[in-house]
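Letters A, B, C and D name the chains as they come in the text, with residue numbers starting at 1 for each one.
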């Protein structure tokens, strides 16, 4: 219980003080969380998905509880890039933690414009959301095939020197292929998984629970799928992998690191336990100490498959 | 609580006394269950996957618990077709319920031989397992692309007049396309979902929990994904859909029927509650009664999306 | 830095009517802090006894939450002296059923008090109009209004006299009460909104202001009646929630932007649950 | 038709040593039926009080199982007169921790008795050799052996005297006992297998037969010692399980087929957990 654990990790050129990143869409733009948590204790914070124009999001209900998880269909509600740059990004940049900006669009041009303008800011990385299942256009349409990923990353790569993370969808036949496509076009990292496309039904009203009919499944329910996909992506590419999906505890985070994630994101856990955004890092340090690991980075990819 | 509910359904030309089928691999060949349950109360029983040759299955451990579900990597352990036809099928045929034989192979020729020989038996339908994630060859390799499904169904369709159900994998980019492929080649029904490919990790030993490294995820955790895919398949094809994935209760079953399933299968639920194989049908009848539905078949596809 | 998660100890639990469960929870900080109209996100996963884990559910078992999400429940009452808060809720589903199984001595994790509650007027009479389970947040409201020296009137509507609850509690904190039942048998036959209109037409010491909570059609009727009489009206809305703390955006409520009058989504959990009734875009 | 699922009522619960919990459960049918070496699949999801649901967890809440799978636990003891069975288990993970929180009066759902248990010899002395938590199923075995008029000897190994459990219980049902501890301080310093070899070498009233349960290396050593002396030996194996009833095939144990001697998989839950030690393909 004595020796301190070195929690720092690198995702490509970006150094993080610890491997726990607050996931996009489950942390707003940090303002509400700043009230109740010391954000400087996070490895990084990833913004809610930002689009060029403001978006109102989908009609409610936008959430359905499921066994060990939840479906959401927020639909990228956000104030748009202008207001984000004016009000939200400056706030995030002052929190003493790395800032990853998650961006989404309908067209390749949208993504280009977003990357061009974010390149001029102080953010630490850009995460291309090619995997939101809750909007009609763009997004997952790009992310679900290797060709779509390739085209999109090729379009934006020349426009920014920021580390470019490509967030992949699990709703695909082979995440190894979409990861390779991202790598081939110069992505600095892939992050996965976004939510699994799912549905909840109210048998009494004979209606989908979500007004959007379908939504994205997150939480512990998806952890086995996420771990498998992170491991597949890790084996498929040489660039770093950022892993997520159902992390509730430090030991969960360790599992993702072992499967090859250089860092992890925590999303849904923080909705039910606000302290999860930092306690996962604390528990990870405890876990490292208990298992005689002095550098958390040593866990990355250390899984020994049978 | 008075009016009797008509629980009978049809899957194409096959009539079932109720829509609840015991799922493949979670009911053995019926022998153990016959001791503790009246199998004649099931709509049908689907056999464990049968291969031409006997198979020993994978090394243990073959199971890992996950949040609201489990991973299995049995690896199609079965006594092979000869012994199945000699010992198991006759037993199953005498149980007063319809019998679906689930078959799997490494090559198209395996499937052809299996279908040819089953055509001569008294079984009520053949379910082509194109979706087992736990064996190295065949199976999911065929099922994960429309072309694979097309080739396989084309190869076996001429060899049997039995109703041919094609069991689809959820580990694919588009289940609508694989379902259409099955339909185009003359399948009588599609059944879905098989298990989601997943992994569990023991962070302390730094090993996958399963000796097979990966396994198939089943149970309530996958229900949202399964419901969505059943609904997608139902919208994509004209042949009947048999739905499954995480059904624990009669109301869960109703949700699948509403999404378009003509019948449902119950798997993992029966492992933790042996009575689930029949109680789901009882609860479904209760649900119908409570909601003023006198014919369960009226629920099929009655979902009203927003 | 605010503390969001609190672990209270159940002081008593039981049913006050069929399917209506009450939990009294010792949680002095929350009792001191809560304003009427605020709510808490209750954790329905049973917590191990305190000997097992100090801070709540064991980290190792955190993935085993069932049901997974917390449930939003209004503070129905608070006793600042005893340091207790009261939740009353209909046992409609898995989560509320699990909560109703808590017994004295059990621990309960909740986030809160959360949300933007009712604003108390400076003077005059506060009329609280509630329907069904919508009456619950109004009890603490009337208690605090009376403590502030306001006149207090309660108009509560129930499905039937057998399904009426908290009548004595409301009598305790109100200058006047009118209990309505769809099937008759109480003070008024009909809906709470009609009872309210009736009360209004008979005159109340002004200035009158209104707070309402219940089914949307009822609140809409109350809001319309208030608008036509120029009476300020606050309405407490309900939407499905995940975080309850403003970060996930799933609890969108349609309200008219103050400036443009255009409908936009606000977060029920932080910008609400209580809104100016004239702002609400009633469906 | 056999009944698999039973709902028992917890009579008492508590810890008998650090991390070693004991549940005594009123379940007369299971107590009457159980044979030594059999096990039960215990449901770790708390059951609602009997007023809520007669048959177990409410159907509506069935998807909310946490942890999801049942846990295999041996019958450690049974009192056929009182109609109780006893489970003792190490609280190693989520499920066993949840089980250890049950209190007198709580209900427990379990499947069982399950599995192929120990066969009692017709005559002579039965030596039970257990290591760690492997000692648990041996208590009922020795009790039944003695009731049948057999000689009974217990050789139990523990990590340390502080982590030794059920010593008095084993003394109660045994003609002779030898308690071993890796760290010394009990009857014998070393492993249970060595203690067993020591006992054997000092001579026991024959014919001797052996039953063993514990870590695989220990059982392998016991089996080897028995094989070299021509003593029949039964070993109780452990494998991860889902159904416990023979239908899912996840609990494969490697054993040599009686006929061919070739290794094949048998189901630990139904063909075992007790196998002829000479059949087992020790890793």
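Methods note: a contact is a pair of C-beta atoms (placed from the backbone, for glycine too) under 8 Å apart; a residue touches a chain by one contact, two chains touch by 3 or more.
For clarity, every value in this text was computed on a predicted model and none was experimentally measured.
Trainee: Would you pick out the chains that touch chain A and also touch chain C?
Mentor: Under the touch definition, chain A and chain C have B, D as mutual neighbours.
Trainee: Quick check: more C-beta contact pairs at B-D or at A-D?
Mentor: Taking the two pairs in turn, the one with more contacts turns out to be B-D.
Trainee: Could you give the separation in Å between the centres of chain B and chain D, each centre being the mean of its C-alpha atoms?
Mentor: About 35 Å separates the centre of chain B from that of chain D.
Trainee: Nearest whole angstrom, what separates the Cα centre of chain A from the Cα centre of chain D?
Mentor: Inter-chain centre distance comes to 46 Å.
Trainee: For chain C and chain D, what's the span in angstrom between their mean Cα positions?
Mentor: So the centre of chain C lies 52 Å away from the centre of chain D.
Trainee: In whole angstrom, how far does the Cα centroid of chain A sit from the Cα centroid of chain B?
Mentor: Going by mean C-alpha positions, chain A sits 33 Å from chain B.
Trainee: Multi-chain contacts in chain C: which residues touch at least two other chains?
Mentor: Chain C, residues with two or more chain partners: 60, 63-67.
Trainee: Spell out, as numbers or ranges, the residues of chain B touching 2 or more other chains.
Mentor: Where chain B meets two or more other chains at a single residue, that happens at 59, 64, 66-69, 219-220, 223, 246, 251.
Trainee: Taking chains as nodes and touches as edges, what kind of graph is this: line, ring, star, complete or other?
Mentor: complete
Trainee: Report the residues of chain C in contact with chain B in the complex, numbered from low to high.
Mentor: Residues in contact with chain B: 63-64, 66.
Trainee: Across the complex, what residues on chain A touch chain C?
Mentor: It comes out as residues 25-28, 32-33, 35-38, 48, 56-70, 72, 74, 77, 219-220, 223, 246, 248-252, 268-276, 279, 283.
Trainee: If we count contacts the way the header does, which residues on chain A are in touch with chain B in the complex?
Mentor: Chain A reaches chain B through residues 59, 64, 66-69, 71, 144-145, 171-173, 196-201, 203-204, 206-208, 211-215, 217, 219-225, 227-228, 231, 246, 251, 254-255, 258-259, 287, 291, 302-306.
Trainee: Quick check on the complex: what are the chain B residues that touch chain C?
Mentor: Going through chain B, the ones touching chain C are 67-68.
Trainee: Would you tell me which residues of chain D are touching chain C in their complex?
Mentor: Counting only chain D, the residues touching chain C are 45-46, 48-49, 52, 58, 60-61, 64-67, 93-94, 97-98, 101.
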